[in-house]
Amino acid sequence: MLKREGEIRIPSGCAIAAVISKEGKGIRGDLISEAMKPMHDRSNGLGGGFAGYGIYPEMRDFFAFHIFFDHRSTRKECEALLKERFEIVKGELIPTRKIPQITDEPIIWRYFVAPLKSMLAAEQIDENEFVARTVVKINTQLKGAYVFSSGKNMGCFKAVGFPEDVGEFYRLEEYEGYSWTAHGRYPTNTPGWWGGAHPFSLLDYSVVHNGEISSYDANRRYIEMFGYKCTLQTDTEVITYIIDYLLRRQKLTLEEVASVIAAPFWSTINAKPEKEKEKLTYLRTVFSNLLITGPFSIVFGWDGGLMALNDRLKLRSMITAEKDDKVFIASEEAAIIAMEPEAENFYAPSGGEPVIVRVKEGKF
Amino acid sequence: MSKFVIIGNGVAAAGCIEGIRSIDKESEITVISAEKHPVYSRPLISYYLEGKTTLEKMNYRSEDFYEKNKAELVYASAEKIDLKKGEVAFGSKKTKFDKLCIAAGSSPFVPPMDGLDSVKEKFTFMTMDDSLALEKALKKDSRVLIVGAGLIGLKCAEGILERVGSVTVVDLADRVLSSILDNECAAVMQKHLESKGMKFLLSDSVAKLETDKAVMKSGKTVEFDVLVLAVGVRANTQLAKDAGAEVNRGIIIDTKMQTTLENVYAAGDCTEGYDSSIDANRVLAILPNAYMQGFCAGVNMAGGDSSITNAIPMNSIGFFGLHCTSAGSYFAQGEGEVYEEKSCGGIKRLYIKDNKLTGYIIIGDVTGAGIYTRIIREKTDLSGVNIDKLKNNATLAMFLPETRRKMLGGVV
Amino acid sequence: MIDQYIYPEFEVVRNQNRCISCRVCERQCANEVHRYDTDLGVMLSDETKCVNCQRCVSLCPTHALKIVKSDCRLRENANWSDQTIKEVYKQANSGGVLLSSMGNPTPLPVYWDKILINASQVTNPPIDPLREPMETKVFLGKKPEKVLRRASGELITQMPPQIELSMPVMFSAMSYGSISYNAHASLARAATELGICYNTGEGGLHEDFYCYGENTIVQVASGRFGVHKNYLEAAAAVEIKMGQGAKPGIGGHLPGAKIVGDISRTRMIPEGSDAISPAPHHDIYSIEDLRQLVYSLKEATDYKKPVIIKVAAVHNIAAIASGIARSGADIIAIDGFRGGTGAAPTRIRDNVGIPIELALAAVDQRLRDEGIRNNVSLVVGGSVRSAADVVKAVALGADAVYVATAALLALGCHLCRTCHSGKCNWGIATQRPDLVKRLNPDIGSRRLVNLMNAWRHEIKELMGAMGINSIECLRGNRLMLRGVGLTAKELEILGISHAGE
Amino acid sequence: MKRVYVNEKWCLGCHLCEYNCAFANSGMTDMVKALKDKPIYPRVHIEQSDDITYAVSCRHCKDPLCVKSCIAGAISIVDGVVKIDKTKCVGCLTCVLVCPYGAVRPGPTGAAQKCELCLENSCGEPACVKGCPNNAIVYEERQEEK
């Protein structure tokens, strides 16, 4: 019997794609689903998923929890737990479409919640940390429940299946967001589990990743010192936690995050001007355990935009392009063409060179 | 361009040619050779008789030596030096010179001896031709009488001992090799030579010669078939003397090898040069000295600047495998310390005076002897030398560590 | 002597057909095993004196010599081994504590040999270190918990003091006195050329070696030998030695006979006096006392030098390490029970302490569990024998390793384990000038540099195979390891899976 | 010119150089065959002074007395290397008499011999240097003080 995510480390090859409107204009979810079609062969049907930003404008002040339950009773248990910590503004089944390609689905709910002020005060932490801890708690302690999305005004949609089928299953054409990421999975070591599909997200951070990092356990054992628990044992999970740790907890800038996880080689650092060299040396030394090696191309999404990043040797393909206010990112050029036949300024970022696209503030 | 003339064609002449050519590659050189051979190693004539070398190998330099050095070799006897004209006359010819080097060597000294004319097979032992002539006269059962127990006489004796019936050596002196050995060492050597079958009549001389018999002053008689006269040599100084150069037992030269005449140099056995071991001029008729003097003269003739201030008497000679090296000067008992060490069949005597090694003789194991020679030549003050080690062994260990390291090119 | 009861342990086998009687063996044997017999015209040997250091074997120009273990055997007895019986004889002869040198030679498990390393296939690419950059640089020292910025937003890049190493290997502590001047010179020069560190041990720092200070770790041990302000200031880091793997709980004793000349001066003790390092530091009877010493040393060095605490791997090492990580120390060095020594009581060496692999795994995990792994760097030693051992140690969680025995081997040591005799034929563990000169630091340092460069190449090859191009991504990366032939408990402690899992 | 130098600080007095030299110049391919039960005639020699040992071999002087003094004209300088023509040498040992280093000695046939830097045997580099276990003998170019 194959072990599923969380029981064993799961390496996988993949396809990724993303699109963002810098002006914050709405993009329908089926567009990103289209992008995954030409990259069909990069997945093996064992997982696909999407993250959309700006999709819940009416509920933007509430954390949107997307949760898989394997049983009704689990949902009850989980809801009880949520109620202890949050005010649940709204709870509902996520609408899906029955299609033959997607089967064995769990019970999929979403909750819009606000942390109870009393709880925040009691634990002396901010609401983000509170939410993050709750997510870790549910995912590690509540067997049969799995929170796969927990940000505000954003949501992940993922399933076992090919990504374009997953898009159809989740009726993505009914959502509109200013940025989208997508993932098609080719795992080699899992029977396929819904929770194990990507994107992986925590709060509004989401990561889609193509690659297999060789630094995994070094990164995992380090990041777990800070309260994270890598339950899925996937690269994407640990990368998300690393970014969360650096961005939210250590307050690094995105550029700084990039120079930690895809740190320049010492020879490159030593050739930099003194100030820059000092800074890069500092980051690389202090966070040496968060350097990620082995092939990866990731698109990191947050409520303010997208960051695309390759490993420092660029062992995975990744390409970007533009059209008007839109920026496209994908494993293959074909995926971008599928979204925008007129796309221009194709560019393959170098290893370790972050491509950061920010959405105009205040749009959503 | 100058014109150089060298009278003589021995080792000193060869040195002179090489000395000139070390400075001047072009000027004309004429060598006037009385012997009709290219330069050869004179001391090898006894080795030739002993079969240790061949006529061909006796050549001191390679066949193309003269050609390579652009030297004209003339077989003739130089007859006259005309200083005014700057000419040397030889045969019926003359040659001009700008600088002249007299390297005329020496000749065997034959003392007047009663009845010498009656001896048919009589030889001197100086040149290749002497050696070849002697060889012809030798028979398996020849009884050979050699007059003179010096270097020449004894080397001759060694060379022929195995080829003849008997060899008897007579000398006026009371010991063999009297010019280079002291009594103690001479005794050791004599014993060795006798053990090989040589007979000696010492402190004696030939009173009268008959056809095949010599009657000694002591009254003894020695019958012989072949007589070799090796009493000694005399420097060939006549040409120089005639030209007006100052001459004593040899042609007087300064440390630059110049005679008392302008543009006339001299080198080799015909000269009397500076001997640093006695701080005076003396004839040092040894091969190394001849070459070095010739070379030095050559350099100076060609316009260079060279001098020899540390020449000393020194000798290395071996008989039937027993080697003997010696250098410097000795002194009579009581004038300084004589360190003596005897070993199986050998002896070592070091003469130490005024904190200097003045001379030494080693018979037997001569390993490292050059180091003794060096400290004599360099007049090394022995306060900078470990005397015990010096006595013990001729090794660089006798020097201070820094001195030794410097000698060996190492870090001091 | 009949009362010795002990047959020579080794036989000198001389092939008389090959021996040319050059007498090199005779001249090179400080134990005076060989001698030339002028009557017989052959070389003879006195095997009772042979320690099997192989000096003669190595220098014999015709390879006429070999030293073999004597096959003269006591009657077989599975309970009473030859070794055990002979030790009884020795003690009955002498009435003394048995002394040994170098590391524990008993057949206890070597976990390095039961751990295998991963490699990339298909799903991610191995990296060719000849074509791609491959980084082995490490910084040892405390890392700040929180990133700080100026009001302008600019990062404050000041860090606690660090040791920068070009590769995660250092030469561990061996004192001047226990090893020779030339051995120290070789280590110092090699460390400098390699961009790593060597360690003075507790013998002080010879004045000639201050120029290598940037690559020197100076030790402060219970005897406090050679410790003074300049000594501390000269170094890259200061190490407080609490214990040693070969002899946990035991002090040191360098006999007065060896305290001569430079050694006496460097140790700052009178010539001829025994150098006794007490078992404990008499000012450290508990963890809070250690904290005081750590800060005393930091005060003395203006907080510019990392402080290392070196302890032996003993049963509760994880708890000890946790205490040290909170003591203000920057680096913990743990020495396993197979580590070497110049002299130790045999019983202690062979029976006290635990394997470094288990100690390392336990300490690394414990510090992570407590969230204080970043407080300290972790250096381990005690028989790290090859590049593979280094890679395994780093993957288990070490920041760097200490090697000493391998370094000594590079210098010529043949592990004869008689350092305590002071007659080291290889010029390493001796102070006899004629023996010391046998180790030319030109050769010694070159061989050390060669060894480390070879290891560095191998480390890079192994990393490249795993698809890792920087050593920090290997640190604690236990997924890269698998065990073979280990029990579930051993795997649990090592924090690795069994091969095939 | 490269020459053989000794650093007495590192010389162990093991005498291996002598054996390696004798072997290199034996013309044989097996050391045992070349040297067993025979006296050896090395061209490098270990000397001892108290506790110090060092190897001595021909210095290849710029102005060599041996060359000037050889009565047979058998010693010459070829490309800076002082060489003895064994076939011409008559074994008079005048070279031994004059060598200021004691570096020339008679060989097995009585002819004088000395270090010729292993240029003509199969050794490639001087055998004493190659075989010295402690780098005490080196073959290198140095500025020599005159």
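Lettered A, B, C and D in written order, each chain numbered from 1.
Just so it is clear, a contact is a pair of C-beta atoms (placed from the backbone, for glycine too) under 8 Å apart; a residue touches a chain by one contact, two chains touch by 3 or more.
On a predicted model such as this, the values are computed, not experimentally measured, just so you know.
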item	value
Shortest chain-hopping distance from chain A out to chain D	2
Those chains which touch chain D and also touch chain C	none
Most centrally placed chain - per-chain CA mean versus overall CA mean	C
Chain at maximum distance from chain B, centres defined as averaged CA atoms	A
Interchain centroid distance [CA atoms averaged], chain A/chain C, Å	47
Centre-to-centre distance between chain B and chain A (centres being mean Cα positions), rounded to whole Å	105
Centre-of-Cα separation between chain D and chain B, whole angstrom	28
Cα-centroid distance, chain B relative to chain C, in whole angstrom	70
Chain-level touch network, classified as line, ring, star, complete or other	line
Chains that touch, pairwise	A-C, B-D, C-D
Chain D contact footprint on chain C (complex, rising order)	17-20, 22-24, 27-28, 58-59, 61-62, 64, 433-434, 437-440, 442-443
Chain B partner contacts - residues on chain D that touch it in the complex	3, 5-8, 47-49, 52, 54, 56, 59, 65, 68-69, 71-73, 87-88, 90-102, 104-106, 110, 142, 144-145
Parts of chain A lying in touch with chain C, wherever the complex brings them together	9, 11-13, 188, 211-219, 221-222, 224-226, 250-252, 256, 263, 265-267, 278-279, 281-283, 285-286, 288-289, 291-295, 312-313, 315
In the complex, chain B residues that touch chain D	14-15, 41, 43-44, 47, 52-53, 57-61, 287-288, 291-292, 295, 314-318, 321, 323, 325, 327, 366-371, 373-374, 386, 389, 394-397, 401, 404-411
Complex interface listing, chain C residues touching chain A	120, 123-125, 127, 132-133, 135, 137-139, 143-144, 146-147, 149, 155, 157, 159, 162, 368, 371, 373-374, 397, 466-470, 472-480
